[in-house]
Amino acid sequence: MLRNRVIDTAGRMVPIFQRQALRSLSGVKQSKLTTVEVDDKSGIATLSMNLPPVNTLTMELMHHMIDSINEIECNKSRGLILTSSNDKVFSAGLDLKELLNPERKRLEEFWTLFQDLWLALHLCGIPTAAAVNGHAPAAGCVLATACEYRTMLPNLFIGIHATRFSFVISKWMMLSYQSVVPRRVVERALNQGKLFRTQEALDIGLVDELACNKQEALDKCAAFIATFDKANPVARTLTKRMCREPDVRDLLNDRAGDLRDCVDYVLTPLFQEGLCSHLEGLKNKK
Amino acid sequence: MLRNRVIDTAGRMVPIFQRQALRSLSGVKQSKLTTVEVDDKSGIATLSMNLPPVNTLTMELMHHMIDSINEIECNKSRGLILTSSNDKVFSAGLDLKELLNPERKRLEEFWTLFQDLWLALHLCGIPTAAAVNGHAPAAGCVLATACEYRTMLPNLFIGIHATRFSFVISKWMMLSYQSVVPRRVVERALNQGKLFRTQEALDIGLVDELACNKQEALDKCAAFIATFDKANPVARTLTKRMCREPDVRDLLNDRAGDLRDCVDYVLTPLFQEGLCSHLEGLKNKK
Amino acid sequence: MLRNRVIDTAGRMVPIFQRQALRSLSGVKQSKLTTVEVDDKSGIATLSMNLPPVNTLTMELMHHMIDSINEIECNKSRGLILTSSNDKVFSAGLDLKELLNPERKRLEEFWTLFQDLWLALHLCGIPTAAAVNGHAPAAGCVLATACEYRTMLPNLFIGIHATRFSFVISKWMMLSYQSVVPRRVVERALNQGKLFRTQEALDIGLVDELACNKQEALDKCAAFIATFDKANPVARTLTKRMCREPDVRDLLNDRAGDLRDCVDYVLTPLFQEGLCSHLEGLKNKK
């Protein structure tokens, strides 16, 4: 079923969610919120999130990321490395302000965009790797687990701590987590809202390798992408999507259902109160 | 779908299977077959199985356990620790006498009760932990794996050895086992009817931690329950149930089907002969 | 559902796919392409693939293997050990010549036979073990993972490197791989087309034990088969099939769909070109 989506009549790979006309990539390309750099030698594209102070996934940043992912995929890059231009935070996760007393219509738009972003990255036709060079809580971790490989700098946090701010994640986020970390560990971590330190993340397999600094992280991602050199690219893409299809089947079959579940829950007083007191807590910490 | 079941209109958690009116808990509460002790400081309830000589899961014990679980869940305890008042045996498993030449109607009642007990424990809204202070074969192991954490005393056995007495477990028991232990290990253990020693159980992850004695086991369970302190309780419950829903989906969708499969199989001459010779073997051992 | 298939009215086990009348086994039985030896003491049957030079799975070899598996299963052997009479290659996998510019009808027959072979081995009623005494790439690895246990000699390769010759495996092969090796490792290995050395295969659990030579490999398989001695054989078979049913459900429900998917893909120019250049590469290596 997914097979049909990947090759167009001219035999080129086609992204799952294409949002705009293709643009040519030339060396470094800068939008306001993301940077794409293509290494001429390796053919690998590095996509940096670039929204100060902490790469919060606002609607605008997500738009830019989806465009950048599609662009990289269509321009036959050899692989995609996701990283942050901020060495403290990879991404702080979703823009929680969008979840606080939201207007239903805007919330629907916000969540649909997050679904789009995740699908674009999770099913991306080319090899993907995350150079986690800063903290990666919540949706920051979700983005990292959507990639095929993760390397991480020391003394950082990664994990899905949604229950700490009363949020209940969607099934596809759980399945993505379980595709990387054993089921038993995932259930407990999700229930606790656990954030793992770099070394713990390595121990449970949430992260594949440590790196001393950002350059080493990028190099390890590039070395990972090179492990696919002997594979036929289209067969690789089809195989990747077959492996990942069970995780997204429910979402693809019923995106409206996932949207409704999420929006309905976010609008409950229970969640709103929980989020409120979480945000108060963060304020008091500062 | 499971979300609707967990919160009533007043925002309180509601147990999945509520069998009776609520009763107040005050300090120690003693029924004939189970004891519930609530620690005033920690708010954690300890549920002890208390049917000499070996906590065989008779219909009466299962009734008492379901009531106790529901009671603890409704009274907003901070967590539930399952243990045995017998330091040799946690639970010897189902009452095999109920499976020997049974009357169909009674067998149906018996199996339905075991389904109820498992669902009540597996989907319990509050954190659950098992202090395995004695042997836990067959359904004793199933109860332990329904909890979120297990600690175990040395030199004991735990495992599902159903094939040794010709029994074929239900799919939900297999899935529960697989939620804790890797698939490859589960298949082999189930086929062999393997009982694991404490240390082996720790090595494969069937048990999370060892404890030198019962008090240490209870303390470790309490420490585990405390790891959820930063999580919003309702979000935690919803997240737990999302993680566990795939294991029980078939059972909840078709409880009658699981019942029929089990009853039909128990009534075959093949099973009856196998059970008979197993019981003979146990007698001769004594 | 699978339960009905396993026991006939006389209480005997019945193979899933029976292709011919039963023949009696007596000591050693030699067909052109497989050898079956039954150990009189242990009651274990050893099935050797015997098609020089590299046990390529031709239609003829697959026919012989299915017959031998059914024969062993019906004659109440205590277990089945799969091995090769060639100490360099366990099996080199499917006959790729059948995939090169194939006639559709013949290709359908070929793939159906491979489905039959896999189902016969994967759901075989008696304990199965693979003594991997030579390289096991591609379908050679698939055969090994269909068994319940694998032991392997040093300095060999095992793995599914299909993407290297542009092939996209079926979902049931992926699920079989995942039943042995963690999901994260499987996805990456399939995408890379990775062949594991013996020691790596042991590290990830693809192989259970090492053996210094073929005799030790056979002895370890026999010891594995003996671990089921305390289990009721029919309950064991039913339990094994319950564990494995999720892997084959889609295939059993829609064998024609899997056939169509495979045949359609093999007939694309993309695959044909990829296979061609792979075969060229192999020729140039020699």
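Per-chain numbering from 1; labels A, B and C assigned in written order.
Definition applied: contacts are C-beta pairs under 8 Å (C-beta built on N, C-alpha and C of every residue); 3 or more make two chains touch, one makes a residue touch a chain.
The shown structure was predicted, so the numbers you read here are calculated from the model rather than taken from an experiment.
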item: Copies subunit A and subunit B touch via same or different residues, half shared test; value: different
item: Rotation angle (°) superposing Cα atoms of subunit A on subunit C, nearest 5; value: 120
item: Euclidean distance of C-alpha centroids - subunit A vs subunit B, Å; value: 37
item: Per-residue overlap in subunit C, given as positions that touch at least 2 other chains; value: 182
item: Subunit C residues touching subunit B - in the complex, by the definition given at the top; value: 3, 7, 11, 127, 148-149, 178-182, 205, 227-228, 230-232, 234-236, 238-240, 242-244
item: Interface residues, subunit C side, partner subunit A - complex; value: 162-169, 171, 174, 182-184, 186-188, 190-194, 261, 265, 269-271, 274
